[in-house]
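Common to both upcoming complexes is subunit A, partnered first by subunit B, then by subunit C.
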Partner chain A sequence: MVDIVNIRAHAKDLLEKGTVKMVLGYQRGTAGVLAEPAFITDAGQADHLVWDPTCVQNLALYLVNEKKAQSHQRDPDTRPIAIIAKGCDSRAVAVLLQERHFERKDVHVIGVSCGTLGVVDKNKLSKALNGRVATKVEPHGTDSFKVTTAEGFVDVAAADVLADRCLECACAYPAMHDVVFGEKHEDRGYPARFTALGQLEAKSEDERWAYWEGHFNRCLRCYACRSVCPMCYCPECVVDSIELMVDPTTSADEKANRIKWIERSAVASENSMYHLVRAIHLAGRCIDCAECERVCPVDIPIRMLNNKLEKEAKDMFGYEPGLDPELPSLVASFRDDDPNSFIR
Partner chain B sequence: MASTPTQTPKDPSVFEPRIVAFLCKWCSSAGSDLAGVSRMQYPSNAVPITVMCSGSVSPVYILSAFNKGADGVLVSGCHPGDCHYLKGNYFARRKIFLVQKLLSFIGIEKDRFRMSWVSAAEGAKFAQVVEEFVRDIRTLGPQRKLKAKR
Partner chain C sequence: MSSILKKTDLGAWAAALEAEVFAPALADGVWAYQPVAPGANDGGVALTHPNTARPPKNFAFPQREVLYTFEQLKGQAPKLTETLPNPAPVVVMGVRPCDGRGAPRNDMVFTGAFDDPYYQSRRAKTAYVGLACNTPPSPNCFCKAVGGSPSSKEGLDVQLTDLGDRYHVVAVTPRGEELIEAGGKLFAEAGAADEKESQRLHSEAAKCEQRTFGDLAAAAPALKKNFDSEMWQSLAKACIGCGICTFLCPTCHCFDISDEVTGQSPMRGERVRTWDNCQFPDFTMHSSGHNPRETLGARLRQRVNHKFLYFVENNGTQQCTGCGRCISFCPVGIDIVAVLDRMIQA
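Showing the complex of A and B:
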C-alpha cells in the first residue's frame, strides 16, 4: 500500500531543502472523479498531493514541456524536477533519458507502485456504476476498488474498471526511481501482455482493414494523441509542415508547393497516413501508457497500433523500451541476426 | 528471365500496376542500370527513385507513395555487409520490417510492399524481382486503401 502521507512528506522535504524546483504530482480535480496534474513549487502546497487509482495521467509529458519552456527563458532555473511516476511513467522517463532529452540529474523520480491494481478507466467506471456518479475511488484489498458515490459506497471488482493497459501491465513497479513507495508484486493475475492485440491480429486481412478504415474515418485530426504523448516532442511535426523559410524572394509557388507529406483535411486516406506515421515514429519508444487512447474524443484504439510495433520489436529484436536508459534505441541499432528472410 | 516482351498496352481497361522503387545509389540503382544496358526485358511498371542509401528511406516515403497512388512499393539496397556506408542497410532492414508488419496489421496486402537486396552486378536479379513484383500486384489489383481520394 502506498501511503500518501509519506509522499507528501517527501515532496515537502525536497521543496523545503530546495533540491528540486517543482514536484509534478496529482491533486484532486475540479471536474469529475479523475485527479489532475499538480505543479507544486511551494512546500506548503505539498498537502494537495493525492495518490489513488484516478491518477491516470502520464506526467512525463510535463518534463518535456518544461524543457521546452526552459529553452525560451533567459535565466532558467536548472534545478531538477521531481516527478511522481507510476511504473509506465518511469519507463517514459527512461526513454526520454535514453534519447538524451534531459539528463539523469535533471529529474528526481518518486516512484509509486501500482501493486496489484492500476488506474481506472473513466468509461468503464461509469458503466459499472450504472449512471451513478463516482466522487472518490480508493483501493480496497488486492483486487477491488471502493467507490464513493452520492448514494453511498460501492465495491467494484478491479478487473471490471481497470484501464485496458493496466490489465496487461508488465511493469506496475517503477523500475527506475530515486525513491519508491509501495511494494512489488510479481503475479498480478490479469491477462498476459498483448492479449487484446492477439484477438485483433487473429482476424482476417479484410476484417482488419474494415476495422481500421472505420476508425480512421472517424478521426477528427484534433491531434490530442500527439499533444498528450511524452514522446511526441518534435519542434515541427511532419504532418504540420508549418516552418518554411520565407524571405522576400520566396515565390508564391514555393510557398504553395512546400513539401506536405500529409494533407490537413480529415479524410480517411490522410488520417490513415497520420496514424501510421505516428505509430512508426513511436516504434521502440512507446511505453504503453495509453494516454493517446484515453484522450481520443472519438475512441480510436490507437494503443493497438503502438502495441503491434512493441510486440514485433520484442519478438523479433528482443527490444523492450524504457528498461535501460543506456541502451541504443530500437531503430538506431541492429544485430547481424535480425530477420532477413522477408527480403528477396 | 522475361519470356514475353512487355509492351505498354493502350487499352485503359487493362490494369497496369504502378510501382515505386526506392533504389540505393551504390548497388540497386547500378543493378537496374546493368539490367538496362544488358538489354534485359522486364516490365516497365517500376518507377525508379534513386536514394543515397536504403537506410535513408524514411517510412514516410513509403506511406506517401501509397498515399499518392502507388500499387506497390519496392525498397532495394546492397546485400548485408556490402553497404557503402557500412551499416545503412542493417538499419533499413529493421525499419522496413516494422513498416511491413504495421501495414499488414491494418489490412494492407503483404505483397504490396517488398524489400530486396540487389548488388551492382545483379542486373538479372533486379529484372526478376521487378517481374515477380508486377506479376503479384497484377493479381492483387489496384491499391485503393491508402490512396488519397482526390
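Showing the complex of A and C:
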C-alpha cells in the first residue's frame, strides 16, 4: 500500500532543502473524479499532493515542456525536478534519458508502485456505475476499488474498471527511481501482454482495414494524442508547420509551395496518414502509458497501433524501451545480430 | 397548443419526415449523432443519451467545407468553380438545450456583419428537435450559470420533454410545426395534465444542482481587468495545447482556409475551409516567425475571453452555453468554470 503521507513528507523535504525546484505530482481537481497534475514549488503546498487510482496522467510530458521552456530562459533554474511516476511513467522518463532529452541529474524520480491495481478508465467507471457519478476512488484490497458516489459507496472489481493498459501492464513497479513507495507484485493475475493486440491481429486484412478505417474516419484531428505524449516532443510536427523558415526574401510561391505532408481536412486519408506517421515515430519508443488512447474524445483505440509496433520491436530486435536509461535507443543503435534480411 | 408523442412512435415519426434524420446513438463507445435508417420502427430511435461527445454544430458548419474548386492550364488564367452546398433537409433529434442555444450564437457569426452562404445554406435546411433535460446529463453542466436552462427552447424548432413512456411536444418555430404536421396521427393533442406534468418537470430540473461561477455579469469586467494577470500562466500550467476544448465546443467557430491540390497538369484542386483551433501553435503564427500567442496561458485567455468578453462586447451575449464538454473531456482537468470563478474573485 502506498501511503500518501509518506510521499508528501518526501516532497516537502525535497522542497525545504531546495534540492529540487518543483515536485510534479497529482492533486484533486474541480473537473471531476480524476486527479489533475500538480506543480508544487512551495513545501507548504506538498500537502495538496494525492495518490489514488485516479492519478491517470503521465507527468513525464511536463519534464519535456519544462526543458523546452528552460531553453528560452535567460537565467534558468537548473535544479532537478522531482516527478511522481507510476511504472509506465518511469519508463517514459527512462526513454527521455535514453534519447538524451535531459540528464539523469535533472530528474528525481519518486516512483510509486501500482501493486496489483493501476488507474481507472473513466468511461469504464461510468459504465460500471450505471449513471451514478463517482466522486472518489480508493483501492480496496488487492482486486477492487471502493468508489464513492452521491448515493453511497460501491465496491467495483478492478478488472472491470482498470484502464486497458493497466490490465496488460508489464511494469506496475517503477523501472527506475530515486525513491519508491509501494511493493512489487510479480503476478498481477491479468491478461498477458499483447492479448488485445493478438485478438486484432487474428482478424483478416479486410477486417482490420475496415476496423481502422471506421476509427480513423471519426478522428477530429484535435491532436490530443500527440499533445499528451511525452515522446512527441518534436519542435515541429508534420501536421502543423510552425518552424517554416520565412524571411523577407521568401517568395509567395515558396510559401505556397511548401510541402504539406498532411492536409488539414479531417478525412480518412489524412487522418490515417497522421496516425500512421505518429505510430511509426513511436516504434521502439512507446512505453504503453496509453495516454493517447485515454485522452481521445472519440475513443479511437490508438493504443493498438502503438502496441503493434512495440511488439514488432520486441519480436524483431528483442528491444523494450524505457527499462534501462543507459541503453541506446532502438533506432539510434545497431547490433551485429540485428535482423537485416531486407539488405540485399 | 402542444402534443403528445408515444416514445415507441419516435422512429415512425423520423421515418415520416422528408429529411435526413439524425439521432444520438452509442457507436464505438461514443454518443454521436448517427443517421436514422429509413423505416426505423419501434425502438429505432431512442433518446436515452446523456449528451453527445460532439455537439451538433457540424450540421451547419462541417469540419471541412469546399468553398470552390480551381483548375489552371499552364499559361492560362485559373478557372474557378463555385461549390455552394445545396443539402437535403436535415432533422437532428435529441439536441440538448445547451446545444440548441449554440445554434443562434453561431448564426450571429455567420449572418449579419458577414453573410456566409455556405453556413446559411446548410443552416436553412437544418431543424433541431430538442430534448429538455429532466436531470443534468453531466456533472459539469452549467447552463444556468450562462443564462440558459435545462428546458430552454432557444435555437430549437421542436422541444420534447420526457414524460416517461411519452414525450410532451412543443413546436417552437414554423418549421417545427411542419415537422409535427408531417407526423400526422402519431401526435395526439396534449391534455392539461400532460402540460402540467411537463411544466413540473421543467421547474424541478431548474432546481437541480449545477456548477456555477456566480454572477454572469461580473465575468466580462473581471476578464478585462485581469487581461495581464499572471493567473493565466498558472491556470494553463497543465494545458497540453490540444484542440479538444474548442473542437467539442458547440459555439467555437474559428476556421482556416487552405488549398488542397488534387492533381497537376492541369493543376487542379479545392479551396477548403476547415475548423481551426486557438489552442494550436500555428493558429496565430505569423509568417515572420513571430507568434503573438506563444504561450498556453495566452491561448487559454483567448478561449475564455472570446466567450465571455469579446463576444459579449460584439453580440451582447456569451459565446458559451454551459454544456461542460471542455471540462469533462480536458485530459488534464482545465475547468472553465473554475477559471471564471478565479477571475471574478481576483
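By definition in this document, the second predicted complex is superposed on the first by the 333 of 344 C-alpha atoms of A that agree within 3 Å, B and C clash if a C-alpha of one lies under 4 Å from a C-alpha of the other, contacts with A are read in each partner's own complex, and residues count from 1 in each chain.
Note that in this section a residue touches a chain if its C-beta (ideal position, glycine included) is under 8 Å from a C-beta of that chain, and two chains touch if they have at least 3 such contacts.
Predicted, not measured: the structure shown is a model, and the values here were computed from it.
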(request) Answer with first, second, both or neither: which of subunit B and subunit C does A:218 touch in the superposed model? (result) second
(message) For A:263 in the superposed arrangement: first (subunit B), second (subunit C), both or neither?
(response) both
(request) Figure out whether A:228 sits in contact with subunit B (first) or subunit C (second), or with both, or with neither. (result) second
(message) Quick check on the superposed pair: does A:169 touch subunit B, subunit C, both, or neither? Answer first, second, both or neither.
(response) neither
(request) Answer with first, second, both or neither: which of subunit B and subunit C does A:299 touch in the superposed model? (result) second
(message) In the overlaid three-chain picture, which partner chain does A:57 touch, first (subunit B) or second (subunit C), both, or neither?
(response) second
(message) Quick check on the output: what are the common subunit A residues between the subunit B footprint and the subunit C footprint?
(response) 263, 267
(message) Applying the document's contact rule, which stretches of subunit A touch subunit C when the two form their complex?
(response) 29-32, 34-37, 39, 57, 61-62, 123, 133, 214-215, 218, 220-224, 226-228, 240-242, 244-246, 250, 255-256, 260, 263-267, 291, 294-295, 297-299
(request) Spell out the residues on subunit C that touch subunit A in their complex, using ranges where they run on. (result) 28-30, 32, 53-54, 63-64, 139-140, 237-238, 240-244, 247-248, 256, 258-260, 272, 274-277, 280-282, 285, 287-289, 291, 327-335, 337-338
(message) Using the touch definition from the top, list the residues of subunit A that touch subunit B in their complex.
(response) 201, 205-213, 238, 261-263, 267-270, 272-273, 276-277, 279-280, 283, 305, 308-309, 312-313, 316-317, 330-332, 334, 336, 338-340, 342-344
(message) For the complex, give me every residue of subunit B touching subunit A.
(response) 59-60, 63-64, 67, 80, 87, 90-91, 93-109, 114-117, 129, 132, 145-149
